[in-house]
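For reference, the structure discussed in these notes is given below.
Chain naming follows the written order as A, B, C and D, and within any one chain the residues start at number 1.
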Amino acid sequence: MSDIGTEVEIGGLRLRVPVIGAAGCVAFGRELVRLGVQDDLGAIVTPSLTARTRAAAHRAVLREAPSGLLAPTVRPSYGVERLRPTALPWDHEGVPPVIVSLAGNTSGDFAEVASGLRRGSLMRRVAGVEIQLASVDAKNSHRPFAYDEFGATKVVARVRESVPSGVPIFAKLCADVTDLVEVARGCVKAGASALVVTSPVRGLLLDPATLRPVIDPASSGLSGPALLPITLRAVWDLRAAVRSGRLPPIPLVAVGGIRSGQDAAAALAAGASAVQLGTALLHDPDAAAAVVAGLVEAVRERGFDHVLDLIGIAHDH
Amino acid sequence: MSDIGTEVEIGGLRLRVPVIGAAGCVAFGRELVRLGVQDDLGAIVTPSLTARTRAAAHRAVLREAPSGLLAPTVRPSYGVERLRPTALPWDHEGVPPVIVSLAGNTSGDFAEVASGLRRGSLMRRVAGVEIQLASVDAKNSHRPFAYDEFGATKVVARVRESVPSGVPIFAKLCADVTDLVEVARGCVKAGASALVVTSPVRGLLLDPATLRPVIDPASSGLSGPALLPITLRAVWDLRAAVRSGRLPPIPLVAVGGIRSGQDAAAALAAGASAVQLGTALLHDPDAAAAVVAGLVEAVRERGFDHVLDLIGIAHDH
Amino acid sequence: MGAFRHHTLVAPDIADRARPGQMVSVAIGGPASALVSRRTLPIAAASPSGTYGGTVDVIVDPGLDAGMAWLGDLRAHDEVAMIGPVGRAYPLPTSGVDVLVVGVGASAAPVGWLAAHLRDRGCRVDLTLAGPDDRHLVGVIEARRIAGSVTVLTGADPELGADLAARVRTQLRTSEIAVVYAAGRARHLAPVVEVARPFGVVVQCCVDEDMPCGTGLCGSCEIPVRADDGMRHTIRGCTEGAVLRGDRVDWAALAEELG
Amino acid sequence: MGAFRHHTLVAPDIADRARPGQMVSVAIGGPASALVSRRTLPIAAASPSGTYGGTVDVIVDPGLDAGMAWLGDLRAHDEVAMIGPVGRAYPLPTSGVDVLVVGVGASAAPVGWLAAHLRDRGCRVDLTLAGPDDRHLVGVIEARRIAGSVTVLTGADPELGADLAARVRTQLRTSEIAVVYAAGRARHLAPVVEVARPFGVVVQCCVDEDMPCGTGLCGSCEIPVRADDGMRHTIRGCTEGAVLRGDRVDWAALAEELG
């Protein structure tokens, strides 16, 4: 693409470009291929899979918020029991490396989805596993696993047991917690290969006509550009914790509100090794190419020759 | 103004309309009078006062974020030691009831500011006191008091001791904590008359040219419309906690991203007794009139005759 | 044209391929917009060639929301980012049969164009345009040039759907209608499908509900359907619809999900 | 006019009262905009009466940021929400003295108008317009109609401020300048004030830095100044400036705060 290096490696997974399609915002990749934009992504994350197919309890309705989208975090999902080694939903010519997202309401659920992926030769088509820790814990008042070091740790540990050691595990955290570093530390100790921040942050909108919630308040989250400062702050905090020794070294992936090369450059400078694009792709399926180009430009402008040179530089004085 | 009642009472403070100018976004009221918009606000909150005048360590620079503003939470401030009973900064003809905001870095600081207000006959010009619990606690790794039940409780208790019992105390919380209800409960027990959510949420932006933080990452917060879903969720959670008995009954004030009558109606329906406007007034100093008019319209449309009828209705099934 | 705005957009690639029932997905707002969702609109007409190359027409109801208001405000020479044609077109009969075409509000955008195609295939077209009032109807005058008969029906929700269905029942009773083509919101389509069921007449429905991406990526436009084997599952309204056989859609479930 | 856009805005109330050095505060974007801050712009001219009533002129640099780009894109008949006149005007001499007027980039908007006022009071006006290049200069041709002499200075930051200061020093040395009027960013004004100091000549500076509200509410435009008693404190650039005596401003502190 240019004289600027763009390859990064996260927990053993090599990405041609440090830009990933976020869970739930790129389906299983077929549409990206149809739109001809698959090559601008280093990997994609699938919509979160569950142990058993979860039918639409509610339509996964999206509502517009200022510079954001409010979406239910509990959505209809594909059950791992339906996966056929010969006909994976992401088995389409041209789809980039696939990170499979897992969801559940107990650590056992997660283990079951992870084990399901080992069945047959499924794992061969899985480049990594992402754990949706925004899923709510049935055994902890339906609060997200990511709100609780203990809950998050248990889930990561169970998934780690069930997934071959060569497959990297991405623990996807929530930025809207009091002590993100504490939760992160638990995940790292339990075997996470990388940390992803942020899941949608808790949010609520009411229908202007009825003044009732449009989406169940217990599980509706805000995505989109509105999150950018929150995402950058979360990445900054985790990187700062690594630098100060409060957190063992671990690669970070920024997600939430990133839509331009400039945003991506900021995320890398704050400490991320890669970014994910969610609503940016819903708004503009060509966004990934622009993000990669802008990132390359940001590297070049500073006289660097590889995107790796940007990582963490915001912390240097 | 109309046949619809708009008066509300919060901790003994009567507001002609349930719309308040937020701390730091209406200065001390003089400009509102000059702009001729003072009558659209039931009260105003002053910029946070400190024990001693805090000069601009940094210019209180504002940066635009998507649908929001990033601002330093540590700003130049007026020291209570400079207050003269004969020449209060908010002593201007026509200024609505004044709630004085207090900031500090130890519970002693807050007590000192509160005591300072008692000097002379100052309190006679103070309709209420708001505690900026987003201030960082020097004795707790510079984390905001509002992140910690113990820290928040101590500050509220110290201020309660120093303020006459007739003066309501508004505890201003941060929505971006793991367990908002826990912190809220501490504040109520310590004597808060009302809870205000939310302070700006932690956020970070980098300068696109230098890729360095534009504002100290430890104390920069996001305000503006981007917060609306977060504010509504926080109010919802607190109201739900009151309904379920997890939190003693206490009036709530919504702040963060509110800019229209529709937003205000949603905040009341979620459980707030009043709203504060911050960036909405920076964007449009006439916003308060529109918010009141829209709120009145929302009451009328539903066949109600008082804004009180909206409070909490989103929780009814 | 009353409350709606009619835009002609230059888009040769889309115009060359578009058929009635297909849509365009449009990015809303400029770079500094607070609106994130796209809007997916039924195409009202496509002209493969024109002064500027091919064009597609869309009809916008600016009163609907801030995004539609923005679209409504577009002026000549403004540029919009557009993807299309999106989705499945109305299947057309191979022979000239009698058909009934109904459309509600701005969702009726494709019916005039569809009626012209049907007429060109030798169909006798009976057209009904419905809406809350005269200002919220698409092109009645144009419709009269195309269709054998044009009926206008106005009224408020929730009665509008039932009134429309009653009108369809009368037509099915009194004429030899082979297929019904409908375009509208789910709440207006469901009663029409219901009344057509006993007659064994298929209703091809263009289900015009929110489609935040219009590209199949977000999964927020899913419509519950029953397959031939009776199993319920969901399909994406944007890429696999918006035109669906009415008898395949689980309207009750859809209504519940739409809230 | 090169990189800048020149807008004439109908605002009778503002036009009737505005004087050179004062500003208008403009709300940015429509109801669906992601931009929250206002933009506070120096007024380039005010015509108390005109075909549509009074108008004020502003000059926009659309390359500056998304908000300015939006302002730059405004077209005839678009409406903007505007407050003004904001702030303190340039104080004018009561007698005809020799004055030097300097302006940099789009911040130089008021200098032509100011020069006309000064000329009308019998002043001999020497005008210098500076900017990074020819495309980023305001109205040189208009300026020649007003000022006795017009100098153009182009160059990149950070040298531009120093070059401008050098030019001012030469002028102060060779002419009987009673006062300097300057308009620009703090980084361009500070060196000018510095060179004028030994001459005992006051520089009246219109300090054009970010003013997110322009109404005195937010406190984000504060400028550190020294009062007569030497005490340092801050004033609000929007309502108490933007025109300030250069010798009162603590330029070093301001530069640090602007980062």
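Basically, contacts are C-beta pairs under 8 Å (C-beta built on N, C-alpha and C of every residue); 3 or more make two chains touch, one makes a residue touch a chain.
In UniProt terms the chains read A, B = Dihydroorotate dehydrogenase.
Since this is a predicted model, take the numbers as computed values, not measurements.
Set against the C-alpha centre of chain B, every other chain centre is closer than that of C.
The distance from the centre of chain A to the centre of chain C, with each centre set as the mean of the Cα atoms, comes to 36 Å.
Centroid to centroid, with C-alpha atoms defining each point, chain C and chain D lie 54 Å apart. Chain C has its Cα centroid 47 Å from the Cα centroid of chain B. Residue positions of chain B touching 2 or more other chains: 66-68, 224-225. Listed for chain C are residues 34-35, 66-67, each touching two or more other chains.
The touch graph of the protein chains shown is complete. Residue ranges on chain C touching chain B, taken from their complex, read 34.
Within the complex, the chain B residues that touch chain C are 66-67, 225. Within the complex, the chain C residues that touch chain A are 27, 34-38, 65-67, 81, 83, 210, 212-213, 215-220, 222, 224, 232, 234, 239, 253-254, 257-259.
Residue ranges on chain C touching chain D, taken from their complex, read 28-35, 66-67, 69-70. Remark: chain A residues 65-68, 70, 147-148, 175-179, 201-206, 208, 211-213, 217, 220, 222, 224-226, 228-230, 232-233, 236-237, 240, 257, 262, 265-266, 269-270, 298, 302, 310, 313-314 touch chain B in the complex.
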